[in-house]
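Scroll down for the structure; my scribbles are underneath it.
Letters A, B, C and D mark the chains as written, and numbering starts fresh at 1 in each.
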Amino acid sequence: MKVLVLNCTLKPSPEASNTEALAAEVIKELEKLGAKVKMIRVADYNVITGSKSDMGEGDAWPAILKDLLASDILIMATPTWMGTLSSMAMRVMERINGLYPARDKEGRPVTYNKVAGFVVTGEEDGARHVVAEMAHGLMDVGFTIAPQSYTYWNNGPGPGDKYLESNFRKDWSIATGKLVAANVIAVAKALKETPIPPPPK
Amino acid sequence: MKVLVLNCTLKPSPEASNTEALAAEVIKELEKLGAKVKMIRVADYNVITGSKSDMGEGDAWPAILKDLLASDILIMATPTWMGTLSSMAMRVMERINGLYPARDKEGRPVTYNKVAGFVVTGEEDGARHVVAEMAHGLMDVGFTIAPQSYTYWNNGPGPGDKYLESNFRKDWSIATGKLVAANVIAVAKALKETPIPPPPK
Amino acid sequence: MKVLVLNCTLKPSPEASNTEALAAEVIKELEKLGAKVKMIRVADYNVITGSKSDMGEGDAWPAILKDLLASDILIMATPTWMGTLSSMAMRVMERINGLYPARDKEGRPVTYNKVAGFVVTGEEDGARHVVAEMAHGLMDVGFTIAPQSYTYWNNGPGPGDKYLESNFRKDWSIATGKLVAANVIAVAKALKETPIPPPPK
Amino acid sequence: MKVLVLNCTLKPSPEASNTEALAAEVIKELEKLGAKVKMIRVADYNVITGSKSDMGEGDAWPAILKDLLASDILIMATPTWMGTLSSMAMRVMERINGLYPARDKEGRPVTYNKVAGFVVTGEEDGARHVVAEMAHGLMDVGFTIAPQSYTYWNNGPGPGDKYLESNFRKDWSIATGKLVAANVIAVAKALKETPIPPPPK
């Protein structure tokens, strides 16, 4: 099973990424379950803003898209800003939007039979809305959303520490991340054995 | 394959329900594909407001829940109010919330291996946000969200006709509804043949 | 200055309401600033589900609406369920929806020059999305949304204690609630002195 | 009265922007009402992704921020992608996030007494959720949200024409845009005459 994790922090390397730290826990479990995982920090690449799969010269998306299309599972990992997904996660969603017309040999959307999962971190506020936004967008373009397929962390009400600075309830977030790993793999396996057929004509 | 459709219009029978009319198109296709479908108009029953599976005397939810638990697929059908799901749909979500602790014989959430799809109608405004809210909530409690598993209709910007009064772009909504039927059945079939195993301990 | 607080907990009295407890902090400050405040727990009344201002026999909404229309400020207080507002809050929004056609003597929507604020409590997950849903709906029907006009509390990631059982970061939620009181009153005062004129014809 | 309109289309000039075309209708009315309006197409400038007010060398945001701080009213104009705001609008929101600590001479957030309005265009789907996201974020940082302060356009259900290619219901969107202009100016005027005082200590 191949998994692509897109870390949509706003910060390029080598700055520390809280989102990456929680995603790493999910990845650890995915690998334990036998998956081959690749994590990409999108901010390290020149992913041009736009809604097509190739925005021309210098665009780093086509290479990332190649990884995505070769994967069975996509994990979207994003920080929370203003109560919603990061602009980097949104930029990725817009580029995934370019896949709408793409079809496989049997006439199916190329994302059919791929499964999505989610990791969200924030200083304060929650993750459910952020997951809802991404889950819907990915389902719309053809991904299947596994049950209980996200984990998250935040600091409770008001400003405070970040994931990497804190020990607050991280055990819950990590344990939930293990469940995410098991669930995305279970659904991807089911779809590998019994794929969604091409849409009726 | 058994399907439960919950029509979450605010209006009890015998008032006409636009949401029911579009849901009927999805049902037609589900039956053509061999599924056994039951549609319930929630407003016709005394579903008590609360967050448990049984709210006591007079509560109609336990009987509906029995149908839900006997089904492989749940279709949530709702009108749009104030840009989001109806309070009736939200009331259903809260009652489904009561399922969190429920486990099957093998220790899995009782909603694992069930699949969700969606129907949304509105006078104006869209459906994507409404679907995002419901899809997230159902995924959180244990449903799998099939790809491209919603259809919707509205009237474009500003107030106007309702679904039953209009012929505007209904062909698109109906064709998309057929795709919904095919997709929820395909994913439910995959999960029937290769079920999600119990969560790791 | 008159303020109406609608507590949209799912639980009727005499059950303890966490949302009411945090709302009480905002009310304390509103009264200190000279406002006359009335709090109603909606679940204690028979507010019939629907989208009109009067749903007929037994409907408790017309009396609540009278209070709302006599107020300068509306505070919507709601628990979080499934990452969004409660079905009771949504039911209230749908009833407020019935005000769209209502005009004052000068032809303005009756909600013009009224101001809204928000209180949200939850076991886990955040409040920003919940506030966004309510703020938008109220703005759409004619309320003005004061800056920094919400406070909230939750428990951080994962299930845990409720507001009334906890001491976690409540000081932040209470201090923020005082700011809410100051801000809704400041904007209501500005609109009282310089009202929004009737819409241009 | 000074107004800044930020057009958050993904497309740099000289590509046609549907969002700009509808925003232009709001601007026309704002100018008729005596306001001095400046529109900036964000995609034409190197607004660096990040959450601070100055992201360093080459960053175009500080100059735009200067315009924003000199304005009484901010109009956020965005296309709809994947059912939510564009990544460019989200990038702007994240940069506005950098204003949280900024205070005026009297200790108020620098955005207090500024008013926000909204323009949304999309091929399909609605605008209410998109407005909710932006209105909440701006309110959180200190803007006041005027009543009925958005207009939008889309094509109804399913893919179809764009605003500039269509004549479908544009009269509604334009008339509503005039109301937006009147309302943001009315609230900005009220706050100019009776400003929100500094937060209590």
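The definition used in the following text is that a residue touches a chain if its C-beta (ideal position, glycine included) is under 8 Å from a C-beta of that chain, and two chains touch if they have at least 3 such contacts.
Remember, it's a predicted structure, so these values are computed and weren't measured experimentally.
Colleague: Pick same or different for copies chain A and chain B, depending on whether their interface residues overlap by over half.
Modeller: same
Colleague: Superposing the C-alpha atoms of chain B on chain C takes a rotation of how many degrees, nearest 5?
Modeller: The C-alpha superposition of chain B onto chain C needs 180 degrees.
Colleague: So, what's the distance in Å between the C-alpha centres of chain C and chain B?
Modeller: Here chain B and chain C have centroids separated by 29 Å.
Colleague: Need the CA-centroid distance for the pair chain A / chain B, whole Å please.
Modeller: 25
Colleague: Using CA atom averages as chain centres, what separation in Å is found between chain B and chain D?
Modeller: Using C-alpha averages as centres, the distance is 35 Å.
Colleague: Send over the residues of chain C in touch with two or more other chains.
Modeller: Touching at least two other chains: 82-84, 128-129, 132-133, 136, 140.
Colleague: Once you draw an edge for every pair of touching chains, what topology comes out, line, ring, star, complete or other?
Modeller: Topology of touching chains reads as complete, every chain touching all others.
Colleague: Residue numbers of chain B touching chain C in their complex, please.
Modeller: Chain B reaches chain C through residues 10-11, 43, 49-51, 81-88, 90-91, 93-94, 97, 133, 136-137, 140.
Colleague: Please output the residues of chain A touching chain C within their complex, sorted ascending.
Modeller: Answer in residue numbers: 80, 82-84, 122, 124-129, 132, 152-158, 160, 168-169, 172-173, 176.
Colleague: Under the definition above, what is the set of chain D residues touching chain C in their complex?
Modeller: Checking each residue of chain D against chain C gives 109, 111-112, 128-129, 131-133, 135-136, 139-149, 178-179, 182-183, 186-187, 189-191, 193-197, 199-200.
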